[in-house]
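Given below, in the form of structure tokens, are the structures.
Below are two complexes that have subunit A in common, paired first with subunit B and then with subunit C.
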Partner chain A sequence: MERGKAGRMVRQLASFCLTLALTFIGLTAVTFLISRLTHIDPVLALVGDKASKDVYDQAYHAMGLDQPLVVQYAYYLKRLVSGDFGVSVLTSQPVLSDLLRVFPATFELATVAIVIGVALGIPAGVVAGARKGSWPDHLVRVVGLFGYSVPVFWLGLVGLFVFYGKLGWVSGTGRLDVFYEDVVTPRTGIILVDSALDGDWDIFRNAFSHLILPAAILGFFSLAYIARMTRSFMIGQLSQEYITTARVKGRSFWGAVWRHAFPNIMVPLITVVGLSYASLLEGAVLTETVFAWPGLGLYITRALFNGDMNAVLGGTILVGAVFIGINLVSDLLYKVFDPRLRDA
Partner chain B sequence: MLRTLKFALLASAIAVLSPVAMADTPKDTLVIAENIDDIISLDPAEAYELSGIQVLANTYDRIMRFDPTDITKLVGGVAESQTVSDDGRTFTMKIRPNLKFASGNPVTAKDAAFSLQRVIKLNKTPVFLLSQLGWTPENVDQMVTAPDDQTLVVKIGVDFAPSLVNALLSSVVGSVVDQKTAMAHEKNGDFGYEWLKTNSAGSGAFTLKAWKPNESVVLEANPTYRGGEPAMKRVVIRHVPEPAAQRLLIEKGDTDVALNLTGDQVTSLKGNKDVTITPSPQALLYYMGMNLKQKELQDPRVRQALRYLIDYDGIVNSIMQGGAQVHQSFWASGFWAALDENPYKLDPDKAKALLKEAGYPDGFEITLDAPNSSPFTNIAQSLQATMAQGGVKVNIVPSETKALLTKYRAREHQLLLIYWGPDYMDPHTNADGFANNLDNSDAATKGKPLAWRNSWADDAVNKMTADAVRERDEAKRKQMYLDEQKKVLDDGPYAIMFQETKQVATRANVKNFIFGPSADVVYYNLTTK
Partner chain C sequence: MKQSLTHWLMEDAPRSRRQAAMGSLYRGLLALVGNPPALVGLVIVTILVLIAIFAPFLDRGISPIAQDLGNRLAPPSAAHWFGTDELGRDIYSRTLYGSRVTLTIVGLVSVVVTPIGLAVGTLSGYLGGWVDSVLMRITDVFLAFPRLVLALAFAAALGPGIENAVIAISLTAWPPYARIARAETITIAKSDFIQAVVLQGASTWRILIRHIVPLCLSSVIVRLTLDMAGIILTAAGLGFLGLGAQPPTAEWGAMVSAGRDVILDQWWVATIPGVAIFLVSLGFNLLGDGLRDVFDPKDAS
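Take a look at the complex of A and B:
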């Protein structure tokens, strides 16, 4: 019995590792190929438009572009295995240190955004689903439609204009005021955490006032999605017979909704929230541009436009890892919320 | 109800948690909002991007400089005086005494010689500025020497007018690097290159404290600067890519300077007492290239006709809104030897007559490559509309700038809309770019000047360029460039349209923020507030 369980765990672990390896090989191979098929000369990013032929050729050679594609790829994988992501052409820094700098910024933003999205989206969705056709339902639908159709950069600019420009409730672009630049000790790179660790609440408040608007805007978009999905899950559950049974046995309507239906939508909901969170962690290019937020989306986009291969690949691997990680966490959470999956 | 309540709660939470927005930037800090995503290196032997050169203009002193109080005057930087030999090939310069680098080391002729040699030996993008003087990694140690600490001797291997040589020494590669500091950080014979990409070792008004790509550049005042310690102890350049955000920041006083405002934003700021707008004509030109690989464009009359199918004034007034002025010759107005004739106007009848003469009475169809960003998209649309009036059907092909340049450098375009900035403040730079094309073969080995990219080669024009560069009589040389500009204006493969005007927005209390006609002439050290 015990041995059987251990054996199964080993098998599961092995298959997980295999999936992981295949995913990364596929991910890097496709990214590598696509980047080579674009019409952007990666040498231009480094030497600019005015370099002489001589300088150009030297850089071309140094970047290994005179090698066959397969060789370039193999060489890249080899370095990757030893933990070397290469150096970004655009920043002159190792890609790994770049990612460690930009990812915390995105992480901070995405996490606050998803908290807003979940905290408001799920209750709204539940209410809308339970009271189908009522005015809260219509309100959720309108908000959802708005969230789907309004361009994020527009909402970002309007938000800045109103809450920063006119009302002065929040701070402007960037992560901190100039006053506080370089004051906080970088430990995690997440300013809210670092300033709290330092016990410097002025910086915490300042960072928060910079963060809240972009986070609220991103949160609004995931709210719209989460609320819509919660609503349809809820409608599905409420038509089940066990709800009728519970009601017949004397459960109040809201009791049946929260105690019986809600736990049953947890599993699909975790998938929805997990995916929203993962896509937020990819970095939101437009939001980051509007709010001058030095995050992952801006980093990868700029690298793509300049054919900065190492940075693109490093960023892609990170995003891949985030998705895999979140899937893993979702899987574990399924087991917590669905007793049927616990022994499987 | 529930939702409204929650939003109200959230809003009040924001209000409670937020500090009252600070209305001003710190007193001794100059804050600049700018798009700095082009910086890839801050080593003066490598940096060749506008934002990077602006920073370097403040962190390094150069052998020659433009006077910050009169930016049309080229004066000595670390060089105090200069004599030129009779054959014009040897320049002997005296270095100012008692100058110090920010590190405390004295500035000597040896540092200056080291800096020039370093540019040639590192062989990075801006090396062409100096290699055209006939310097190679092999001979540069003999061509550039420092017989003693105060004397720099520069020999050139070609016949170049002294004013041109001095202009080259005033460009970014003329930055004087602290040899001791650079060599202390040397790795694998790189002359400190890896370290200097992200650090400074100069004698400029500021030192580089930090460069975080796509985030900020922080400079600190150098108290030993020869021009006196700057009033601003710190300069913080923050990366703000979105112009609308820059506008909000300057309106609220969270930045002292905003550098990338669009025309309509500037227009809407005009009534604001707290913000001052200063127009500064730039050397940057917007033009349309016409590739002679395209059969129709080989006929000079067709190129003429297209130049008559552009609504120059309309674009300046409605699209650029103060961000540009009409300029049609290849050397920007306001500089020595610029040709200020703008003979072309929108004239469909004249264009049609020219096209008829050339054998295209019904016009033709052609593609126009244009960057997919403002203001190029709008300019392209205007061109499309006015070209149609002459029967020329233009299909716009928008693309990202780097992809556009890749195509341009492969000569695969038909018409292409782009800009060009000079490399240094002498007309030779643009004559070399717009007019010179010594090898028009597809496999040309000597760089890719604009004339080559548009497949236009004219031996007479090549000779004009070669003669002008040698002429030591200033008045004669000026006339030669005027003639050459006229020739390219009539016959060249371009429709040069505008000269950029930078509209610099500063807070009203900011004084003496010097933003000259090129990135080499942007000075922060005189700024007060």
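Take a look at the complex of A and C:
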């Protein structure tokens, strides 16, 4: 009995690792193909357009471009694994160190956003599912529809116009006001944390007033998704017989909702929150462009306009890796926490 | 006459294939009309199509690319209903013509994605075995990709433009269709009529193309409608970043982007095309939800 269980765990873990490996190979294969598709000649970029034919051919050979595609891909993979993403044309820095520098800003934004999404979305979804047809239910439906239909970059601009331009409740674009920049000791790269560690509450407040609008807008999108999913999970659970049993035994309605139904929807919710967090990293690309937020998204789009393909592809791989990682881990967590799937 | 037409459409035992098809279409339409949000969606999408077709008649004689630098960033007025942009172009006219770009992208993506999804899904579901394992692994790999970022990288490598935006979106959009087609195929392949066709000696291709694909189409189309909003938003996002339709073509995402720098003073430049994107996505979302309720009642809650 025990051995069977352990065997199953091992098999599941092996299958997980296989999926992970395949997905990463797929991702890097696609980025590799993109790098070969691009109309920017990597040899010319290196030797310059005044180089003679000999120099060009030599560089062409040295870069391995005369090898079969599969061999080139193998070299590419080898370089990636050793952390060599190439050098960014724009910043003249290795792409990897650029990525590590800008990532905390995106992480900060996405994390505050997901906190907003979870804190508001789950309760709203639970109430909407428990009281079908009530006003919170309609509200969740409308918010969901709005969230699925509105372009994030446009909502960001309108938010800037209203809350910064008209009302003056929040600060404008960027992470900090100009005179606060580079004052805080960079420890984690997350300004809220760094300024709190420094005990500099002026900077903390300033950073917060810059962060809250983009985070709220991103958070709105995850709220819409999380609330909608929570609602449908809740409806599914409340139609089960164990809820009726609990009610017959004298549990109050909300007692049954929170103590009986809610623990059962926690498992699928983990996946939903994970997916939502992953999609926030993506949504951050457009939001950061609108808010001039110096994170991964802005880095990728800036690189894009300067033909800096190393930086674009490095950023794509990082976003892709985080995206895939979160996807698969939430899938795995689902299996770990749901006993029915464990036994299947 | 009307009575008999309804009767003909609703007949329990249709006498021809055409009557049966028209009947089920009519019943679907009735269900759709009985669902107010879906009806609103249908109306929005219909208006979008009409606007795209008749834009030259609705543009009040103002070209979407005619510049008037003396009258740039003018607020909405009787002459320019939605105001003018940074080059003095009429935003009303540009918004009308922008619908053409949106419809083109949506149409092309559907045309590219549906056959790929159907081919992969039906082959995978019908043949099973290692073909299924390999194809579904590939599908899973693509499903796990970040859509916008990958589309961005593709568009960056191929160069900006509508065609490349379509290719970029399609490459990341096909996996769900393969999944759906596979699931449908697995159920259909078990049914008796497929066994009967096999006994009659039909080839695998004939079974797939003549018997399985038509039955998968409705689920794929419902899913496609639901995805339209996402496709439109991704396309608009690419346009916003300058990777979609190139100037001077009027494209909604690019128009929002053009209004970015003046959002605090001339709000209408960015706001109005954004509202257009929102309304169209909303229309497709409402219609898609309605279609799903009609064709797939088990998800109706």
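Assume the second predicted complex is superposed on the first by the 247 of 344 C-alpha atoms of A that agree within 3 Å, B and C clash if a C-alpha of one lies under 4 Å from a C-alpha of the other, contacts with A are read in each partner's own complex, and residues count from 1 in each chain.
As a working rule, a contact is a pair of C-beta atoms (placed from the backbone, for glycine too) under 8 Å apart; a residue touches a chain by one contact, two chains touch by 3 or more.
As the structure is a computational prediction, the values presented were derived from the model and not from experiment.
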{"item": "Partner chain in contact with A:Val184 - subunit B first, subunit C second, else both or neither", "value": "neither"}
{"item": "Partner chain(s) touched by A:Lys50 [first = subunit B, second = subunit C, both, neither]", "value": "first"}
{"item": "Touching partner for A:Gly168 - first (subunit B), second (subunit C), both, neither", "value": "first"}
{"item": "First, second, both or neither for A:Leu281, with subunit B first and subunit C second", "value": "second"}
{"item": "Dominant contact partner of subunit A by residue count, subunit C or subunit B", "value": "B"}
{"item": "Touching partner for A:Asp41 - first (subunit B), second (subunit C), both, neither", "value": "first"}
{"item": "First, second, both or neither for A:Ser232, with subunit B first and subunit C second", "value": "second"}
{"item": "First, second, both or neither for A:Ile265, with subunit B first and subunit C second", "value": "neither"}
{"item": "Contacts of A:Thr289 with subunit B and subunit C, given as first, second, both or neither", "value": "both"}
{"item": "First, second, both or neither for A:Ala224, with subunit B first and subunit C second", "value": "neither"}
{"item": "Doubly contacted subunit A residues - partners subunit C and subunit B", "value": "38-39, 153, 157, 160-161, 164-165, 289-290, 305"}
{"item": "Footprint of subunit A on subunit B - complex, ascending", "value": "1-3, 6, 10-11, 14-15, 17-22, 25-26, 29, 31, 37, 40-41, 48-49, 123-125, 127-128, 131, 197-198, 210, 212-216, 218, 236, 238-242, 244-245, 248-249, 251-252, 254, 399-400, 402-403, 405-407, 409, 423, 444-448"}
{"item": "Subunit C contact footprint on subunit A (complex, rising order)", "value": "19, 22-23, 26-27, 30-31, 34-35, 37-39, 145-146, 148-154, 157-158, 160-161, 164-165, 232, 235, 278, 281-283, 285-286, 289-290, 300-301, 304-305, 309, 312-313, 315-316, 319-320, 323-324, 327-328"}
{"item": "For the subunit A and subunit B complex, residues of the former touching the latter", "value": "38-41, 44-55, 58, 89-93, 98, 101-102, 116, 120, 123-124, 127, 136, 139-140, 143, 153, 157, 160-161, 163-165, 168-174, 177-179, 181-182, 202, 205-206, 208-209, 212, 216, 289-292, 294, 298-299, 302, 305-307"}
{"item": "Residues on subunit C engaged by subunit A in the complex (per definition of touch)", "value": "137-138, 140-142, 144-150, 152-154, 156-159, 229-230, 233, 236-237, 240-243, 253, 256-257, 259-260, 263-264, 267, 270-271, 274, 277-278, 281-282, 285-286, 301"}
